[in-house]
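When the chains are written out, they are named A, B, C and D in that same order, and each has its own residue count from 1.
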Amino acid sequence: MEFILAKYNYWIYIFLMMIGFYAMIAKKNLVKKIIGMNVFQTAVFLFYISISKVTGGTAPIVWEYARQYDNPLPHVLILTAIVVSVSTTAVALALISRIYESYGHIEEDKILSQQK
Amino acid sequence: MAQHLPILPIILPLFAAVLIPLFGRIRVQYAWFFSVGATGFSFLCSSWLLSQVMTGRRVRYFLGNWEPPWGIEYVVDYLSGFVLVIISFMAFVVTVYSWKSVEKEIPKEKVGLFYAVFMLLVTGLLGIVITGDIFNLYVFLEISALSGYVLIAMGGKREALMASYNYLILGTIGATFILLGIGYLYMVTGSLNMADLATLLPPLYENKVVLTGFAFLVVGLCIKVALFPFHIWLPNAYTYAPSVVGTFMAATATKVSAYALVRIMFTVFSPGFDFKMVPVTEILFYLGMAAMLVGPVLAISQTDIRRMLAYSSVGQIGYIVLGISLGNQTGMVGGLVHLLNHALMKGGLFLVVGAIIYKTGITQISELKGMGKRMPLSMAAFTVSALSMIGVPLTVGFVSKWYLGVGALQAGKWIALPIILLSSLLTAVYFWRIIENVYFKGAQGQESGRQREEGPPGMVVPTLGVASLCLVFGVFAFIPVSIAELAAQMLLGKT
Amino acid sequence: MKPSIENPQGQQNTHQRRKRVFNFISFLIVFITGGVLIYGTLDMPGFGDPHAPANLHVAPRYIEKIIEETGVENMVTGILASYRGYDTLGETVVIFTAGLSVILLLRRTSRDG
Amino acid sequence: MGRGNVIIRFIAAKFIPFIQLFGLYVIMHGEAGPGGGFQGGVILGASMILYGLVFGFEAVRKTYSQKAGDILSSVGVLLYAGIGLLTLLIGGHFLEYRVLPLGTPQFSSHIGILGIEIGVGITVASVMTILFFEMARRKS
């Protein structure tokens, strides 16, 4: 029981990540894949943020009453990763919009049948 | 200034990428000048760095002057110096070559931005090679990946968009796995610096978090390398990309990922971990051999030249991974030399194909009849590169295959030997189809086929340069081999 | 793969079956990945553990010396801009790439009218 | 332009200056409290997007042309990388703000961080605007 209480955060992130991963590989709709991608990446951000948590810690901003701070480094790393995720999503959506213009569909099956 | 040398190869293309959108609107030719200048100086700086490293000292550079475990550092050792020179050289050659081809394939308003994104791709790839910080590697991996997606989508056909999208999905899965692996390593060590991780990790090798993190890093990088079961993004991407982009990415992108794989496996983790504690090298060994067979077999059945070359890349990546996975010095030298060789050979082949597309618009193998008379210089370069791919003695391809074969024997893995021979044979088969069409089948009833239609000098000179390097390094093989030997010694910890 | 005109019903069935097999394989991949990840959590430090290695190696210097060394109170900004400023440059370049990419992909040119 | 409800237009017109002010505050306040270049840049970009949504894209283009957006996105990165180059030329390492000749190392570092945050903010704000406008204009 203590084991579960100590580590539930990791299991939540794994569950979320698998939802996103499944959507990314199994869905045929291009936009749904991107939604899956976002869930997938957000789960990893959640993992990083949960590394940084220290029990009893406050936000990592210097404050005279603080006894303990959270670990600031994962926040920094994940800020970078969030920006990367946003950029990837933007490029992906731009691509989808072009794909829709030239194929008339955003379903992978129909696009592939047009390519053959 | 010499102390700041390591930063220059990276920030020169970066500044070019930022300045091109500003000055490119005045005159679009500036974009090309800036790119050539940036990649040229980048190549010079890389060569200078390699020459410094060859005197026996590791060059380190602390960004922002924060000492390593806290800040980010750049490390140039034998391996990264070697790969840095390869990448910056190919970038320079392709940029010099690019002007006419880009002018034809990209809409005029977008040429400037195209060069800007191209420079970002170069920045990203060089940044991956030189960094000594594992998270910095991820950031630059994403810069190169993101610019790669867009450049592929710039190919005129609509299939290019779909190829780019598929690459984006797989590339993001790979990159996110890498990010997750980095997080796992950070979680149990508290460090992001590669050298620091290498000292902190050994007591933790039994730790399940480390094992999982390692697995995710390797799988993520294998997707980026396009190793056999993960290669599905590669053929379409290289086929439909603009020819300049196809050339550059075929010559460098997967090599850089292979370099990152070597870094993770042998610098962050130790050879003892890879070979004794986890079955990763065994798996890579068999996957590499599968790629060596699957790539050429699929290449034989293709009718489009670029698609054939792309499948051939799948096979060649197999050689590199095979060399890495053998675990002895000879095999590693073979793998690393093949990194250089494949960049030169595949670069040369794609450069010729780009010239053919520029001049005639031909993309099918069957249409190449009589090309030997129409474009004699380019086709000579093509033949040299193709012979080199097959592994004919006195070309670079022979050197690396020789080392790989000897390495496999030393490792006691006899099974690799017939596979290398068979793969070379299959390579010979698919190149023979082209050579036969080019030289031995005249274009029927086409008198116009007689006249010379060589590409512009800006395209022919770089092509011939790369092809002649295939011969030079084949004859004077000791130059790359000596560097690769030092790198292999460093990686396998025998110095 | 080829659309068979004679037997649209059979075509439909093979399509359905193929889709189900594909979904099952996807599920299997996801299941294995999740299994590996759960295996990894077994050795992880507990949530919020102050003695986790991640909080002991590099982070203490950031927390103790941030004002002395960078002159800012927000540690995240201090690390972001100073200790790991080069990552942030990379991150800005990523955003810049995204901007250029979207212009390249979507802005209309004279060629497509 | 008869776009949108009068209430939306009135409220948007009154709020947009405050949103932009808040964006600037978040950029400048990044060293002392929650915030920074990215967050502030996104808020600034969002204010432009809101303006475009309510008053139409042409209205935005009058005050903030496409060319200006393109140039600003480069200028932000150039500012960041330029500060790095400046510290390199002064004699420090790349992005070593402490060597900037502004007094104490802490103060120089503080100003350097502020400078790069502004650079980041400019790039993020202009790129967010570019993303939205390029996607929105595509169909119209």
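Convention: a contact is a pair of C-beta atoms (placed from the backbone, for glycine too) under 8 Å apart; a residue touches a chain by one contact, two chains touch by 3 or more.
What you are looking at is a predicted structure, and each value in this text was computed from that prediction instead of being measured.
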Any chain that touches subunit D and subunit B: A, C
Which of A-C and A-D has more C-beta contact pairs: A-C
Between subunit C and subunit D, centroid-to-centroid distance (C-alpha), Å: 25
Whole-Å gap separating subunit A and subunit C, where each centre is the average of the chain's CA atoms: 5
Subunit A-subunit B separation of Cα centroids, rounded to whole Å: 29
Junction residues of subunit B - those touching two or more other chains: 14, 18, 21, 63-64, 135, 139, 142, 146, 149-150, 153, 186-187, 192
Residues of subunit C engaged with two or more neighbouring chains: 37, 41, 44, 52, 54-55, 58-59, 62, 67, 73-74, 76, 80, 82, 84-88, 90-91, 93-98, 100-103, 105-107
Interface hub residues of subunit A, defined as touching at least two other chains: 21, 25, 51, 61, 73-74, 77, 79-80, 83-84, 87-88, 90-91, 94-95, 97-98
Contact graph of the chains (line, ring, star, complete, other): complete
Complex contacts: residues of subunit D adjacent to subunit A: 32-34, 36, 38, 131, 134-135, 138
Interface residues, subunit D side, partner subunit C - complex: 30-36, 70, 73-74, 76-77, 80-81, 84, 94-95, 97, 105-110, 112-113, 116-117, 119-120, 123-124, 126-127, 130-131, 134-135, 137-138
Of all residues in subunit A, those that touch subunit C in their complex: 6-11, 14-15, 17-18, 21-22, 25-26, 50-57, 60-62, 68-69, 71-77, 79-80, 83-84, 86-88, 90-91, 94-95, 97-98, 113, 116
Subunit C - residues contacting subunit A, complex: 1, 3, 22-23, 26-27, 29-31, 33-34, 37-38, 41, 44, 46-50, 52, 54-55, 58-59, 62-63, 66-67, 73-76, 79-80, 84, 87-88, 90-91, 94-95, 97-98, 101-102, 105-106
Interface residues, subunit A side, partner subunit D - complex: 59, 61, 79, 83, 90, 93-94, 97, 101
